[in-house]
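Beneath this line is the structure, given in C-alpha cells, with notes to follow.
Each chain gets a letter, A, B and C, in the order it is written, and its residues are counted from 1.
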Amino acid sequence: MTAKFDIRDLSVSFHGKPVIRHISLQVAANGILGIIGPASSGKTTFLRVLNRMNELEQGSSVTGQVLMDGNDIYRSEVDAVALRKSVGMVFALPVPLPMSIHDNVVYGPTLAGISDRGRLTELTEKSLKAAFLWEEVKDRLNTSGLRLSGGQQQRLCLARVLAMEPGVILLDEPCSGLDPISTAKIEDALTELKRQYTIVLVTNNTKQAARISDETAFFLMGELIEMGPTNQMFTAPRQKRTNDYITGRFG
Amino acid sequence: MTLIGEKGVRRILLATALSAISALLLIALFIIKEGLPFIFHYGLWNFLSSSDWEPQAGKFGIFPMVAASLWVTFGAMVVGAPLGVAGALFLSEFAPRPVMRVIKPMIELLAAIPSVVYGFIGVMVLAPLIRDYLGGPGLSVLAASIILGIMILPTVISISIDSIMAVPQSYREGSLALGATVWQTIHMVTIRAARSGILASIILGMGRAIGETMAVIMVAGNAVKIPHSALESVRSLTANIALEMSYATGLHRQALFATGVILFVVIIILNSAAMVAIRGKAARK
Amino acid sequence: MRIHPRYVQYGAVAILSGGTLLTLAVLVFIVVFVLEKGLPVLSLDFLLSSPQDMGRAGGIFPTLIGTIALPLLAILIATPLGIGTSIYLTEYTRENRVTRVIRFGTDCLAGIPSIIFGLFGFIFFVTILGMGWSILSGGLTLAFMILPTIIRTSEEAIKAVPKSYRDVSFSLGATRWQTVKRVILPNALPGILTGVMLGIGRSIGETAAVIFTAGSSLRLPTSIFDSTRTMAVHFYILAREGISNENAYGTAAALIIAVLLVNLTAYWLMHWFIAKRS
C-alpha cells in the first residue's frame, strides 16, 4: 500500500496553546485509518489540519509537514479551497444545508462549476447510492434535507462529500449522535467506499474502530501514543496506556 | 464573480463597510465647514451666552434656545426615564414571556410613529388640556416635555430590557435562594447588574430628546425667551434651525449651521457616553 | 415602621405594571385618535386625486408618489451598502481597530438627529452638488439616515446563521464569497428584509431631513430631479399652517396606516424567520 498522507513532525497550537505535539504518521491509500483517544486529545484538530479547515479558526498555527501524494499542502501556493474539493469532510453532527436533498448533494459540484443537469442528476444518484441512502429518498429528492431523520441526514452529508469525488474522506465522529442501526448503515457504506477512497475516521467509539478500520492510531493529550494494524492494536498493544484505554480503564 | 475574484469581492465589501463612517465624516465635515467660521467670527462664548437673537440686527445669541433645549430635555427625562425603566422592569421580570413578546413590539411601534404625528397630538390634545387646567398658552415646556418623554420611551424600554435580560439567571436565583422576594432581588441584584445598560438607554433617550425637531416645533410654542415656568412657550435649538433655515442667508444661515455644530457635538458626546457605559459593562464581565 | 417585603413587592408590581399600561395606552390612544378623525376623510379618491388650493381641498396624490419615491430611492442606495457592510464585518474580518471604527461610525450615525441630516443634505446634495430640492437629494439624505438600521439588522441576521453551515460549505470547497452567496445570504434574507422594512418605515415618517432636501413642491414629480412633498411633510404643513385640519387628519391616517403596515410586515418577517430557525 502506498501512503496518501505523510505527516512529519506536525504540531498545532491555538493562540500559542499546543493542541498537537510532534505527530508523525502515514495514512495508507484505500484504507480506513481509525483515530481513537479520549476527549480533547487533538483528534478533531488533526482531522481539520488535513483539509486546512483549522485555518478558519482564529489564532491557529501549524508547524511540520503534511504531504498529500508527496506534495506539502501547507506550501503557500496551495489553494485551500481547491484542496478541500479533493479532501471531503463529514462532521460530528449531521448538518444538511437548509435546501433540498438534491441541492445538498450537488452543492459541491456546482461550486466547482458543473452545471450540466444530466451530469448532476447522475452524480446525485451515484452518491446517494454509495451512501446507502438512495432507496429511502429517491422519490423525494426535492424535499428539504432537514426533513430527514438524524441517520439519514448523516448519510446525506456523506453523499454530499462523495458527489465531489474527492480522493479522501475525513469523518469526525460521524456516528456520535446516531442509533445503532444508522451507525451500521454508515459503517457498511464506509467499508464499501474504502476501495476507492482514503478514509480517516475519528471516533470516540473504540469498538467502531475495531470493526471497520484497517489501521488504528491512539491519540492522547495531543500526542500519538501508538499506531498499527487494527488487529494488533486491539489484541497486542505495545503501550500500556493504549491497553488501558481500549479496555476502558480511562477515557 | 469569476470576473472580480475573491480579492475583488473583499475590496468591494470593505468599500461598502466604510460607507457609514464616511457618511458620518462627510456630515461632520460639511456641518463644521459651514458653521465653524461663524463661531470663530462671533465668539463661542458670545454665541452661547448672549440672549439676543435678532438676525436682522446681526445679533446671534442662542442662550434662550440652549436653555429651552435643556429644559425640555430635562422634562422629557423626568417623564420618560422612570416610565421607561418601570416598563422594562415589568416586562422583563414580572410579565409572562408570551405577554412580553406581544407588548415589546407594540412599544417599539411607538418609535415608528412619525414625529409630526406626536406633535399634532400634542397640539390637538395636550396643549388645550394644559391651557384649560394649568393656564398659559398651552404650547409650552410642559407640553414638549410630555410629548418628548413619550417619544423616548421605546428607546429607553427596549435597550433597558436587553440589558436586564442579559443579567445571568444565576444572580437572581442566588438572591431568591437567600429568601429575598422577587422585588428585593430586582432592586438589589438585577438593577445593579444591569445599571450601565439602563444608564445607556437613558443617555440615548436624552440624545433623541435633544435632537427631536418637528414635534418640538409643533408643541413648544417657539417663543425666543428664557422660560420662567414650565407653562411658558419656548424655542429649542433644533426648532430654531428648522424654522429659520428656509429663509436664512449669509451670516444668519451660518449661525444656524453653527447651532448645528453645537448640536452635533452634544450628540456625539452623549452617544460616546452611552457606548462607554455599555462597553464598560462588557469589560467587567 | 417597616413594611413587610411582600407588600412592598405588591406596590412595586402595581407601579411597574401601571407604567407599562400607561405606555400602551398612549400608543393605542395615538393610533385610535388619528384613525378616528382621519378615516372618514380617507378614501381612494382622497389618495388618488390632486390637491387643490394648497391642500385645502382635493386629495394627496402627489404626496403619495413622493412618499413612495423617496423611501424607495433611499432603500435602493442604503441596502447594498448596509448588507455589504454587515457581510464584511461578520464574514471577512475579525474584530480589530478597523471594525471598531466602523461600528463606532455606525452607532454615531444612528444617533444623529434628523435635523442635522437635513442641514447636511441641504448644504451638500442640494447646494454644493447642485442637485437642488429633489427626490435625488432627499433619497440620498434618507439613505444616510437609515444606513445604520440596515447594517445592524443585517449583521444580526447574518450572525444568526449557524456556524456549522459555514463549516460545511467551506469543507465542500466553497470560497468565502460562494459561501456568503449560496448559504449565508439566503438564510439571513428574512432578517435583512426586516431591517429594510424598518428603514422604509423610518423614511416614510421622516420630516425634518426631507423638507430641506426634497423640498415641498405639491406638483406631481416626473423625474428624480424634481422636488416633491411626502405625506409627512404635507401633513406637517397642513397642520402647522392651519390650512385644513380635516385634510391633515386624512393625511395623518394614511401616514399612520402606511407606517403600521410596513412595521407589522417587518415583525411578521422577523417572527417567520425565528420560527423557521428553530
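Everything below uses one rule, namely that a contact is a pair of C-beta atoms (placed from the backbone, for glycine too) under 8 Å apart; a residue touches a chain by one contact, two chains touch by 3 or more.
Bear in mind that the values here come from a model prediction, so they are computed numbers and not experimental data.
Touching chain B and chain C at once is no chain at all. Nearest to the global CA centroid, when each chain is reduced to the mean of its CA atoms, is chain C.
The two chains most heavily joined by C-beta contacts are B-C. One finds 17 Å separating the Cα centroids of chain B and chain C.
With each centre defined as the average position of its C-alpha atoms, the distance from chain A to chain B rounds to 55 Å.
In terms of their C-alpha centroids, the spacing between chain A and chain C amounts to 48 Å.
Touching of two or more other chains is recorded for residues 175, 178 of chain C. Put simply, chain B touches chain C in their complex at residues 1, 6, 9-10, 12-27, 30-31, 34, 82-84, 86-87, 89-91, 94-95, 103, 105-107, 109-110, 112-121, 123, 125, 150, 153, 157, 180-184, 186-187, 204, 207-208, 210-214, 217-218, 238, 241-242, 245-246, 256-257, 260, 263-264, 267-268, 270-272, 274-275.
On the side of chain C, the complex with chain A involves touching residues 94, 162, 164-175, 178, 182-183, 186-187.
Chain A meets chain C in the complex at residues 51, 53, 56, 58, 81-82, 84-85, 88-89, 91, 93, 95, 97-98, 107-108, 111-112, 157, 160-161, 164. By the touch criterion given at the top, residues 5-6, 8-9, 12-13, 15-20, 22-24, 26-27, 30-31, 33-34, 80-81, 83-85, 87-89, 92, 101-102, 104-109, 111-120, 122-124, 128, 144, 147-148, 151, 175-178, 181, 198, 201-202, 204-208, 211-212, 232, 235-236, 239-240, 248, 252, 255-256, 259-260, 262-263, 267 of chain C touch chain B in their complex.
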